[in-house]
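I've put the structures underneath this note.
The same subunit A turns up in both complexes below, where it pairs with subunit B and then with subunit C.
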Partner chain A sequence: MAQLIPFTYRPGNSLLHRLDVRLKFFTICLISMSLLSAHLPACGGYALVLVFFFKTAGLNVWETLNSMKYFMLLLFFVFMARVLTVPGDILFVFHDISISEQGIMEGGLVAFKFFLVMVTGLIFSTTTKPSSVKSAVQWFLKPVPFVPEKRVAVMISLSLGFMPVILKQAREISNAQKARCADLQKNPIKRILRLVFPLLKKTFLSADSLVLAMESRCYTDDRTDPEFTPSGNERCFFAGTVVLCLSLVCF
Partner chain B sequence: MNTTSQHLKMTVYTALFVAFIAIGAFIAIPIGPVPIVLQNMFVLLAGIILGPVWGLACVAIYLLIGLAGMPVFSGGTSGIGRLFGPTGGYLLGYLPAVFVTGSISKGLGKKMSSDILAMLLGTLIVYGAGVPWLKVVTAMSFGKAITMGMVPFLPGDILKIIAAAVIARRLRPVIKL
Partner chain C sequence: MPEKIIDINDLCHTFSDGYIGLKAICVSIYKGEFIILAGKNGSGKTTFLRHLNGLLQSDSGQIRVKGHSVSNHLIQTRKTIGMVFQDADTQIVGDTVFDEVAFGLENLKFSRADITAKVTQALKGLSLFHLQDRTPSSLSGGEKRRLAIAGILVMDPEVIVFDEPFSNLDYPGTIQVLTTIIALNQSGHTIIIATHDIETVICEATRVIIMENGQIKEDGTPADLVKHLESYGVKEPCSSKFGLGIQPWRS
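For the complex of A and B:
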């Protein structure tokens, strides 16, 4: 899974690794909302804060940027769409396409904001254990009426466990098909069917065994609530986040 | 099968479909110059196999774990930024799409033709949410948003709908829901 997805959890002992996951989640939401109304100087300042946290979390900036290349393509598309559509003082005209100063500024700022929000999320996912994410989701869902938060937490755990198994089986089936020259098949529907149906059948049959195993162990929704271990830095971190968000909104 | 057993089975199957939707962005079938990515096919399959309520729960959990920071969105990304981004409308559109797909398929008797109709409507709902969102975020005209955010994907979607209908017909006797 980690080979395929670059932004999986990386163990460490930095401030971000040790923080209470509930605060981290709340912080990300707050910062993401504040960034939407931020101007360029504030975004630049926040980028420096992110570089600092990258270093303290032991992450490599260039490696992460390289892993984000497809998302960067999407951002370039957002930038170009703004550049070509926002009216203003014309900088230059190429055939019928006019490019304005305001378009470049607005496009650059919007793309930069999306980039910052995305990198904030990446720092969160690389410094937070999947089991902690599951616990936080369960905790946040607890006050929501009509949502069985413990069952949702079980489903999250199960789905995180299923993902590497499905990927491994997909790779095995794909290799088996290639060995039988199935990749020469031109009919696209047959190609989809030959990969997906065996994959679904295999995983659903193994899921049936899991259901039996859970039943035989008297599984119920009445499970012990997760425990959270705050690091002691939460208050300072929260105060810093509030100051940061106010700066983002005001400047 | 008693109610507890049935609930447990649906819980596990829903988790399985969450995993399929998450990794669907990474399972690509190379057909022509652009590979077909199977994520939206698994969303529609969740609706017609699990039904409207469990299908909706499945997509909601997928979005929730992505929103909570697990790298399950396409490109291994996650977080609230992805929902605010240009493709956020497609992701949010999965919620009504899976519910409508599941409801129509169930209401019309889970036949192959009704599955195809349900998935066609589900796909239109995804684009109905995704294209206006793309238009707002990128500030392009509606025509351009349709040309860039819908038209190139329609042939692949039609292939996926036909394949999904065949898969659902073969899978139902195996999983006996």
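For the complex of A and C:
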């Protein structure tokens, strides 16, 4: 099942799997910011780099793109928003709506950039253990004053771990309601309310049990710090990232 | 005479809504015992177990674990008495099997090297080592329950308390968990199991405590009490009903 869900960690031993998670975090931020000012040729070049990393990480390009089809819908809305709002040389007019050449070009470029950021994030999340993400967050938050970084890290971990439990409970409640002909109710608001209230109740009860379980295992904020294991390729990877980002900004 | 591990004196607990959870509980628990805490739903079994781990505070009376008061030595108590909850899903904290088992040790501030060594040992001991990178939500019911046991076992408890350990498990899952519990008892751990379905474990037990309305009604050997069970709403094992005495549940 996990194989069908995008943004889910897939075990492996590729270069990306072995890289220090802190560098991966830093890299993803740097590339995302550089993409903001990139032009079409640079974006095209970066797409080829991503295909290379897809192969390196052992991911199937088409299977992954297929699993992201709902995100494509979001990109389509982003594209349409640009197409309908950017002025320029009118290509055609329908009622009061005019579509310009510049709108199509800009919409396409913005959607393409979003797509690249999304795929970068997907490669990051499929090659990084959730526990490593938690550790990196804790490490980055450590110098920030008044932020309990260890507690934040545990909260992230609990949110990630609790999501399948909540989804399972939602499925069970929905099935139990369907078994009593809840499908006959056509009002979507009423259907959502019928699902949400029992789900919230179950979630709070589960959270209560979780608190007890954590307490019984001596939970405290003052815990063992996470350990980072660099692969030795970090310097080369960082140098490559800097060159890539400069290329994105300059071309 | 075996060493006395837990000594409970006149323990009383009343919930905030006025419901009496426990009434004048007096009992001693000795090293190496295998105790079944039997009683129908609402008899006070879970409330009693939660006091052992310091998760609930009593109105009056005292629990002493290895001579120390639970309320004054919470961390020591929780290291001595590990608790496996009824719903394995809601007690899982880590986002991989390894992280889940490491949770308790991280709270106790063990070094990373010690954590890795102890977790590896616990996972191998419970045949979960090959699953160490899996997400707990993807495990079977029996594997999740064993994972919960591993998370407790890694903290080296002397007493392990199970709250309905066989609920929602299929036959293979029940066998896996039962085999694990028996092995733990044979390796010197004191076992306390709260259940309303005692057929699965009665053959292994050295002592049965029957609860009703928050009180201990009977306390004795399985052979002495097996015929009294049904008068307290607990099903008598089939073998006993058919005059065959107490027989092992496993074929």
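Just so we're on the same page, the second predicted complex is superposed on the first by the 225 of 251 C-alpha atoms of A that agree within 3 Å, B and C clash if a C-alpha of one lies under 4 Å from a C-alpha of the other, contacts with A are read in each partner's own complex, and residues count from 1 in each chain.
In this section, contacts are C-beta pairs under 8 Å (C-beta built on N, C-alpha and C of every residue); 3 or more make two chains touch, one makes a residue touch a chain.
Keep in mind that what you see is a predicted model, and the values were worked out from it rather than measured.
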item: Contacts of A:Tyr219 with subunit B and subunit C, given as first, second, both or neither; value: both
item: Touched partner set for A:Glu227, first subunit B, second subunit C, both or neither; value: second
item: Partner chain(s) touched by A:Leu158 [first = subunit B, second = subunit C, both, neither]; value: both
item: First (subunit B), second (subunit C), both or neither touched by A:Phe71; value: first
item: First (subunit B), second (subunit C), both or neither touched by A:Thr128; value: first
item: Partner chain(s) touched by A:His95 [first = subunit B, second = subunit C, both, neither]; value: neither
item: Subunit B versus subunit C as contact partner of A:Leu210, first or second or both or neither; value: both
item: Subunit A residues contacted in one complex by subunit B, in the other by subunit C; value: 130, 154, 157-158, 160, 210, 214-215, 219
item: In the complex with subunit A, residue positions of subunit C that touch it; value: 50, 53, 55, 75, 78-79, 82-83, 85, 87, 89-96, 99, 103-112, 115, 133, 135-138, 151-152, 155
item: Complex contacts: residues of subunit B adjacent to subunit A; value: 5, 8-9, 11-16, 18-20, 22-23, 26-27, 29-31, 36, 38, 41, 57, 61, 64-65, 68-71, 75-82, 84-87, 137-141, 144, 159-160, 162-163, 166-167, 170-171, 174-175
item: Subunit A to subunit B touching residues, read off their complex; value: 4-8, 25, 28-29, 32, 36, 67-68, 70-71, 74, 77-78, 81-82, 84-86, 110, 114, 117-118, 120-122, 124-125, 128, 130, 133, 136-137, 151-152, 154-160, 162-163, 166-167, 170, 183, 188-189, 191-193, 195-197, 200-201, 203-205, 207-208, 210-211, 214-215, 219
item: Residue ranges of subunit A touching subunit C (in the complex, touch as defined); value: 1-2, 9, 11, 129-131, 134, 154, 157-158, 160-161, 164-165, 168, 206, 209-210, 212-220, 222-224, 227
